[in-house]
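Paired with chain B in one complex and with chain C in the other, chain A is shared by the two complexes that follow.
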Partner chain A sequence: MVETPQEVAAVLAAHHRRQAVQAVLIHAALIGACLICLYPLLRMISVSLRPGDRLISTDLALIPAGASASSYLRVFKETEFLLWLWNSLVITCVTSFIGVSLAATGGYAFSRFKFPGNKLGLTLLLGTQMIPAGMLLLPLFLMIMRLGLINTYLGMIVAYSVTSLPFSIWILKGYYDTIPRSLEEAALVDGTSRFGAFYRIVLPLSTPALSIAFLFNFTQAWNEYLVARVVLCDAQRYTWTLGLFELQGQYLTQWGMFAAGSFMVTVPVLLIFLYSSKWLISGLTLGGVKG
Partner chain B sequence: MASVTLRRISKRYQEATVLREVSLDIADREFMILVGPSGCGKSTLLRMIAGLEEVTEGDILIDGKVVNHLAPRDREIAMVFQDYALYPHMTVEENMSFGLRLRGLAKAEIDRRVDEAAAVLQIKDLLKRTPRQLSGGQRQRVAIGRAIVRKPKAFLFDEPLSNLDAKLREEMRIEIAKLHQRLGATIIYVTHDQVEAMTLGSRMAVMNGGIIQQVGTPAEAFFRPANHFVAGFIGSPTMNFIDGAVAGGMFKSPDMGFKLPGGTRASGPVILGIRPEGVCVNKTDGSSLSEPVPAAIEVVELLGYKRNLYLKAGEKRLLATVDASFDGKPGDTVSMSLQLAGIHLFDQETKGRIG
Partner chain C sequence: MISSLLQVLEFVAFLAAAVAILELYLHVHFSYFDHPWFVSATVAVAPVLAAVSGHSLSVGHLPSLVLAAAGIQLVSALVFRYVVRGKHSLPIMLLAPGFIGLGMLIAYPLAFEVYLALHDLKLTTIMAWSRTGHIPFVGFKHFTNVFTSSPLSSVTFGWLFGRTIWWTFINVFFHVTGGFILALLLNNCHRFRGLYRTFLVIPWAMPQVVAILALRGEFQSQYGFINIMLGRLGVAPVQWLTQHSLLTCTIINVWLGIPFMMVIILGGLQSISKHYYDAAAIDGASAWQQLRHITLPLLRPVLGPAVTLGAVWTFNNINVIYLVTGQAGGTEDADILVSALYKAAFTFYRYSYSAALAIVIFLILFIFSILWLKFSKGSESVYG
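Showing the complex of A and B:
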């Protein structure tokens, strides 16, 4: 039993100490994790800034001695970097748009409508996620070829949006399931069509799930290499992943340019993540219905 | 405003029949209560009128026109949901004006109607808030406001007050009654709250097992219940029932027997019903009361002005509601009699009223 004021104070002090120790441990773990994540990125920046003669040095300084932007300039001057970026950007944006649109509507059907094969369909979608991407490469190549879409944006867009679709549908279906149906029913009675209820009520409430689906589609398509390697053969159509890989010469790899290019393609993804994090934190907790 | 007519409506899900041949005429400007135990199909019926649920058989008419195949938006009705169903991503004002904006009304007209409804419901200061910044009662007002601004042909309420605490429910009940007077609207109101059912409506339809048991004014349902179910469902505390038989104008059960008032047509096995207020204790008033029988007091509850006595006469347990001034204790034996005017008789077979 704790009785005297001194004893109470002692217990409280012990409690505060424990809390402080906990806080320190948690922060240490988080900082450690951050460092592990950031290290490759910092190395990349560091390598991209090195002057041409010190690429393989083990120097750890972020800004190396004699830092120069020459690698960046050379990427633009000596390669088709801008073209690759443009190709990647077109393919990624269209893919994300199509992927999210299909998943948003498909997930809605799975969430709200009873139809034969609803359960089976969802299970199959999940099943496709179990198959390693490499195994799908050949069938995908054959399909794209038969469709006559080899070496086209469209071929890439089809391949990418289809492969991301199962995951996106699951995310969105799960989120829709948490939105009370009475909201849509209220909208129907208020005067929307079925699609109107989806578009005006369900979609705006689903921004967190939509952003996750978008980010997933975007990063998948932006960073993808294998499928691109198979579908694209003309250097004019290369995405940046193929393009940068070209820098890996037989005798000499242009590490400086490689790092500079890598850094530049990382920036857009980082910015998108930072921007969309505010949507991800599900700010719109449903307050419209009781509960 | 408009009349609503249901013509032999049935509703089946795969194997389960939820509503059977429900027919109901709701006049223009009438306040109709749908009341019944949980699962009896009240919400289903309401949702069918709204167009949210398909009709398996029968016709729904609004203003004399069959609307079975009209989408909800073309029926010009408004519905207030049990869980309010306010749009979380819109402000109160946007919630209320949503239906009007969809119909492309002029901005000035929309603002006028929203202002008017907000004034009536006293939610003017809340217009810029979102639903999650509101209390339960405020959300309820907004949900009603969203219905009012539409000026619909009929209002459908599905247990709108059941999520509120007792005091707020009382306030809102009075608000809704006032609202009906002010708007002169056709209202169909689902509830399983006794007080709401008795006080709000001009008529009520008592439902059980997907069938309408009785349609009538609250007084009719209370004083002349059409059958055993209505008698037991309407009124709180519940009516006492005594199984017995009538022969030659005499009621006889294992635990009591007495002469029924003259002119009873009943004979054979019956269920006798008597409300707790009709059970008298230690009263001798000759002609208006039945033959007294001894009864033991098992439990006494003080309710304020009234006292509930749980009595046991022979093997039969009965509830009596008496004045609070009565000072019997558990264990006491009293003389119990029934008010003859308060006696209801139901057929044991059909459960229908026979006198």
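Showing the complex of A and C:
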């Protein structure tokens, strides 16, 4: 047994030592894991800064000897990088706009009204998430071909427009559920219509959730590759994912440009994600936990 | 570029007009269903509108179009008059555009897929199909083909199926274990937790295409990081992308998937009250016992849905495998069912065959989810 003050102090000291050792180990493990997670990004920076005559090398230094920004300039000069970004932007903005407007009204209907099929509708929306993407792609592709929309913005917009809709409806329904009904009731007493109450009261209050739904739709479409590969075939219409894939190709000489382009695309996406991740995660788990 | 922008604007305007017409239609049918002239008037108007729009869009078969419009409108008017009777007008009007969109872009393609699987659409018949809309009917030939001939050039359906199960199991296993370890570390770390968490979610936050392509580069046999490091240790270069493609894809996918599980599990860990651990510590429970008897049981409600979601995502994951092995001459040693489906349709242009394969895959997934639901319901009742 521990009795004297010296012995107590010794035990406490041993305890603190153990805790300190444990903390060091935890930090070491976490730093290691962070490095693994960051590694491709760091390597991308390193490759993108390599000078033109030393693109292919087994050098592993973060900042290569004779670092230069030539790869960044070459991406803009020798490829259609800006055009690819522009194509992605047009397609993504239109699809997100369509998706969020449909989800905003649909989510409200599910949140506020009891109607036959309310539960079933929500379950079916979750069910659509089980359908393999590759399965829908073939008939969609043939429909788009039949409509003459291959290699157009429109074909991409049609193919993307509802993919994120079920999830967006779930996020927005969850958010509407947290807005007290008394606000709308007050507006109804004052003489607004039901739709007016939604449009004037609930919608403005839901700006955070609407922007999150927009960001979700946006990143989904912005990062998409497989549909674009099938629908677009002309380099003038490529989205940036297709463009970068071409650059990465088999030719090692374009590694620098690939790395530079990737880095420039990744940074804004990372920032958007880090900003919105808390919301996205709660939305993602909502369906599973509540449903 | 300008013309395609105009096309997009035109489409948005068209969409807005279509939604407006739909809402107007619903509004009339919800508000005026009780008027004596409701059924006769709408049935009289519908064929006229159909004729006008059919003529202006130059659709063929005008008489049958007019007849169909009248028939459909008669049924719809009767339903609105005697069944719906103006009830639930607002939710239906709010949901109609979205659900019609989902119907056209999810339900209709699924039905079309079944049609495709029973007919014969391939590279030799597709030109005739896009001109006349006709494809020969072949019955269940493609469904038997799925099991007897290879979806790609040599790998069989059985192999692909087994590999898919293995791929899903291994990936989810490492996602959950890796995510769990990292979440425990983060939960026991008091300084810089937010900073670590930010760095650790990067694989999830990065655009997948960039992450996969960048990692694929690191597996390149001569200039990739892995072989450079192996070389410094004196190991001969390994042909990751050609000879060990499944392993390569698995490593990449594990790297991509751990952050999601980590975040979900960390959320679960933080919601467990500290009191349980204090009480257990007073009773002399070891760290392992606390983990086994407090943490794991209390994480179940969080882990269950996350594992289900993760398994479905992994089962359906085309991105990693296609981006690593998809280019001309790529290996098929890493393909799972869905990536083989994508390649069969868009690399080998076997449309009807892949439609049948898609339906088979869908049924497999469906059976698995039913079993999974039964199984998890059963275990829930055991745990109370």
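Everything below uses one rule, namely that the second predicted complex is superposed on the first by the 209 of 291 C-alpha atoms of A that agree within 3 Å, B and C clash if a C-alpha of one lies under 4 Å from a C-alpha of the other, contacts with A are read in each partner's own complex, and residues count from 1 in each chain.
Keep in mind that, in the parts below, a contact is a pair of C-beta atoms (placed from the backbone, for glycine too) under 8 Å apart; a residue touches a chain by one contact, two chains touch by 3 or more.
Small disclaimer: the values here were computed from a predicted structure and weren't measured.
In the superposition on chain A, A:Pro180 makes contact with chain B only, while chain C stays out of contact range. Contacts of A:Leu205 after superposition on the shared chain: chain B is touched, whereas chain C is not. A count of residues in chain A touched by chain B and by chain C gives the higher number to C. Judged by the touch definition given at the top, the superposed model places A:Asp190 against chain B, while chain C stays out of reach. Shared-chain residue A:Gln248: touches chain C; no touch with chain B.
Shared contact residues of chain A, touching chain B in one structure and chain C in the other: 284-285, 287-289.
Chain C makes touch with chain A in their complex at residues 4-5, 7-8, 11-12, 15, 87-88, 90-92, 94-95, 97-99, 101-102, 105-106, 108-110, 112-113, 116, 121, 130, 182, 185-186, 188-192, 196, 198-211, 213-218, 220, 222-223, 225, 228, 231, 255, 259, 263-264, 267, 301-302, 304-306, 308-309, 312, 315-316, 318-319, 322-323, 327, 338-339, 341-342, 345-346, 351, 354-355, 358-359, 361-362, 365-366, 369. Chain A contributes residues 180, 182-183, 185-193, 196, 201, 204-205, 284-291 to its touches with chain B in the complex. By the touch rule above, chain B contacts chain A in their complex via residues 47, 50-52, 71-73, 77-79, 81-89, 98-99, 102-103, 130-134, 136, 139, 146, 150, 163. Against chain C, the residues of chain A that register as touching in their complex are 22-23, 26-27, 29-31, 33-34, 36-41, 43-44, 56-58, 60, 90, 94, 97-98, 102-103, 105-106, 108-110, 112-113, 115-116, 118, 121, 128-143, 145-146, 152-154, 157-159, 161-162, 165-166, 169, 194-195, 222-223, 225-226, 229-230, 237, 241, 244-245, 248-250, 252, 255, 258-259, 262, 265-266, 269-270, 273-274, 277, 281, 284-285, 287-289.
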